[in-house]
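The letters A, B and C name the chains in turn, as written, and every chain counts its residues from 1.
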Amino acid sequence: MRAKIPLAIGCLLLAVMLAFAAVPGWFTPYDPLEFDFGALMAPPSAAHVFGTDQFGRDILSRTIAAARVDLQIAVFAMLGPLLIGGLIGLMVGWFGGVADAVFGRLADLVVTFPFLVLVIAVVAVLGPGLINMYIAVACVGWVVYARLMRGEVRVQSAADYVAAGRVLGYSTTRILFGHVLPNAIRPVLVYAVTDMALAILLGSSLGYLGLGAQPPEAEWGVLIADGKNFFTTAPWISLAPGIAIVMAGLGFSLVGDGLAALLDVKR
Amino acid sequence: MSVLLDVSGLERRFAGARGMGDMIARRPRPVVHALSGVSLQVQDGETLGIVGESGCGKSTLARCMVRLIEPDAGRIVFDGQDVLALDGPARRGFNRAVQMVFQDPYASLNPRKTVHATLAEALRVHRIVPEAGIAARVLELLDLVQLPASAAGRHPHEFSGGQRQRIGIARALSVQPRLIIADEPVSALDVSVQAQIVNLFMDLQRRLGLTLVFITHDLRLVRHMAHRVAVMYLGRVVETGPVAEIFAAPRHPYTQALLRAVPQMTPRELRGEPAVSGELPSPLAPPPGCAFHPRCPVAEARCARELPALERRGGGWPVACLRAGG
Amino acid sequence: MTLQVRDLRVVFQTKSGAIHAVDGVDLDVGAGEVVGLVGESGSGKSVTLRAIARLLHANATVSGGVSWRGADLLAMDEAAMRPIRGGQIGIVFQEPMAALNPVLPIGLQIDESLVAHTDLDRAARRRRALELLDQVGIAAGATRLGQYPHEFSGGMRQRAMIAIALAANPALLLADEPTTALDVTIQDQILRLLLRLKDELGMALLLVTHDLGVVAQTCEKVVVMYAGRVCEWGPTADVFARPNHAYTQALLRAMPGTGAMPGTGATAETLIPIPGMAPRLDAPSPGCAFTPRCTVSEPLCATARPPLVVEHARAFACHGRGRL
């Protein structure tokens, strides 16, 4: 029962974020792109709860409008590694042998480098932008999923229900995708939810560094970067997007942990 | 009676684990001799019990017979076909004819599939019945293993160990096999439930004319269920023949020891020397000659050198002992 | 009586509610006696043994009385318990690999027990350790003392476990399925060893097992348990020949090889299985727990718990005894 309260809070946070992303128009008090030269860098007030930026744009409205891009980052920066890593993990876990040994060394190699440094290096080669960022994350992030999946697949494929399938003459494809995968995927999916929290942080970090989403696209990291020059005079510019990142990250983390407890997944 | 399954000269070795120290010292990878030339026949319609203690290779043998493990050498002939050469549709035909029931009733069922899904999948893959008849056939199978029709919609975790074992038997029966190889199918169950499953096997054999290979460490079960028995020790069959005769007058010293060691139900107090002294030798380094000679009470010098073949040796059934019949 | 257990109850608190694992057990072990405590999974036999030795965890509530040489073990504090557990009462478990410390040599583990329960000096302890290994049939003791559990085979580990349990010359040995994990020829060796040691050292033995055959071979007295309760007890030969409880009778009939040794094979007598499955322990029956699976039950059995009636050297708790 106690495990369900954080899960509920996480779901609530994500529901709010999702609503922002789906229909931002319902929640934004102002047009996020509208300049108001009468209220440049206005501090928080009743009219602008989180203040305005150097063009007089409402910070709250811009933060809400940015939710769509950031949730998109959370999904796509997770999906690429999940699909690639999951498939590789499934294959090396099942077939083992040389492929497994090569995978092991390769995985060791990739995890030796700090994750962010490696992603930045790849983006630096490909050029900044969201699509290139997804590619970079997929190049580096698949390893974690592949390892997780490989471990689960090895456990499951040693179980006798797999042997029973082979004795019944089932094809490898049927056993692999019909029996092993459904039993092995649960911890991977739970990890993926938690990973979306990291993806949001990563997307914001790259956005802040100018390597992810490009202005004028509203993205939380970009918004924080916008405020960095005025940090001493107008610190509120970075406050709302900062809170949004924390809330979204917290939401995914709580849901991930809650699901793990609920589904009794070993972590 | 005709021979349904003929196994001859089956060998299988596994590479053992090698530690870092072994690698540095350049010691070769140890080899486990699981099967060192096993030969036996299964007659059509009978129950053959295979008994032995841990490390005797009985489970490896079972898995070789259904081709879950490929042997390194030897031949398996089922109903006139060379099993190890089968491929494609012919191999699937063999899969239909020879099924397996596993020891662990928890690990041998896919936890995410309902009983109906598990049974229907087998029926569909082998096109046992037309699509429209699958639901009815599933219910027939459940009835055959004495499970209620309501079991079809449930998942394995909702059943007890004995009921799960019935589901495993229903899955094996779904493809209408002629031979079922059961690897310790009741050793994970309590005595009261064990009797239910044993009776079910015997009942199914009578009703469906099944041939049964029953692998177990429990001699009491073999004596109860099997027509013939093969006793294994360290990767070889040491004695094989009719159950009643072998249990009454075992010829191999190991079979004799095994029978003496089985706890009898007639109360008596165990006193004096054990049935056999010493430990089971490691299958990593099986003794030369007859593998039982270091523990054998009647061993002579040649037992450490000569490997006894499994022959009749003047008796009614084959035994692999140089001292037998001499 | 050396060990006297009266109305022992153990309740485990779990997430899904209370589990009544032991539900009013009476049990006696006299000096030098060998008593078998037999039952299927969920019968509470192992929990009973652990409750006697006070080895249960904090989620277990233990009540009733365990009297050992006149002292109530359940009322004792941990300090008073220490010289008894491992001292006067030795314990052997099913899985020696789990009970032995994998990173300490066997010699050291025997030595620990000797330090705790004797006042021998170092040299005397080593002599005693060698003597113990010899007693349990481990050859080349001097080498073996320096070896680790993983260098021992399953049977040898169980022997080492017994040596540790014997270190303090216990008056009672509690053995929890000591041969279940072993092969039948090794089981035969260990059972004979236990009986020989019992004779030599004059200790009593409480043997928990699921195997009626093991009981028949080793125990003068047997206690049959079902669903945390005692069904009956008495001299093994009498109980097996003329069971006084419907469950005992059913269990004996479900065993292969209980009859004489006829020329058998698949033509043998059919086993008579016990219908249904193991009882639930979260909601103890107000009557006899075996009622739903019993073939001779009457309406009374479902509502009134049969008392344990002591008659001559036997006791039983069955309303249907007259119908057996």
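Methods note: contacts are C-beta pairs under 8 Å (C-beta built on N, C-alpha and C of every residue); 3 or more make two chains touch, one makes a residue touch a chain.
Owing to the predicted nature of the structure, the values given are computational and were not obtained by experimental measurement.
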Chain located farthest away, centre of chain A as origin (C-alpha): C
Chain pair with the most C-beta contacts: B-C
Most centrally placed chain - per-chain CA mean versus overall CA mean: B
Whole-Å separation of chain centres (CA-atom averages), chain B against chain C: 31
For chain A paired with chain B, centre-to-centre distance based on mean C-alpha positions, whole Å: 51
Interchain centroid distance [CA atoms averaged], chain A/chain C, Å: 55
Chain B residues within the chain A interface of the complex: 63, 66, 68, 91-92, 95-96, 98-100, 102-104, 107-113, 121-122, 125-126, 168, 171, 175
Footprint of chain B on chain A - complex, ascending: 159-161, 163-164, 166-170, 174, 178-179, 182-183
Contact footprint of chain B on chain C as seen in their complex: 40-41, 153, 155-156, 183-189, 191-192, 195-196, 210-214, 216-218, 220, 236-237, 240, 250-252, 254-258, 261, 263-266, 268, 270-275, 277-278, 293
Chain B to chain C touching residues, read off their complex: 46-47, 53-54, 160, 162-163, 190-196, 198-199, 202, 205, 217-221, 223-228, 242-244, 247-248, 257-258, 260-277, 279-280
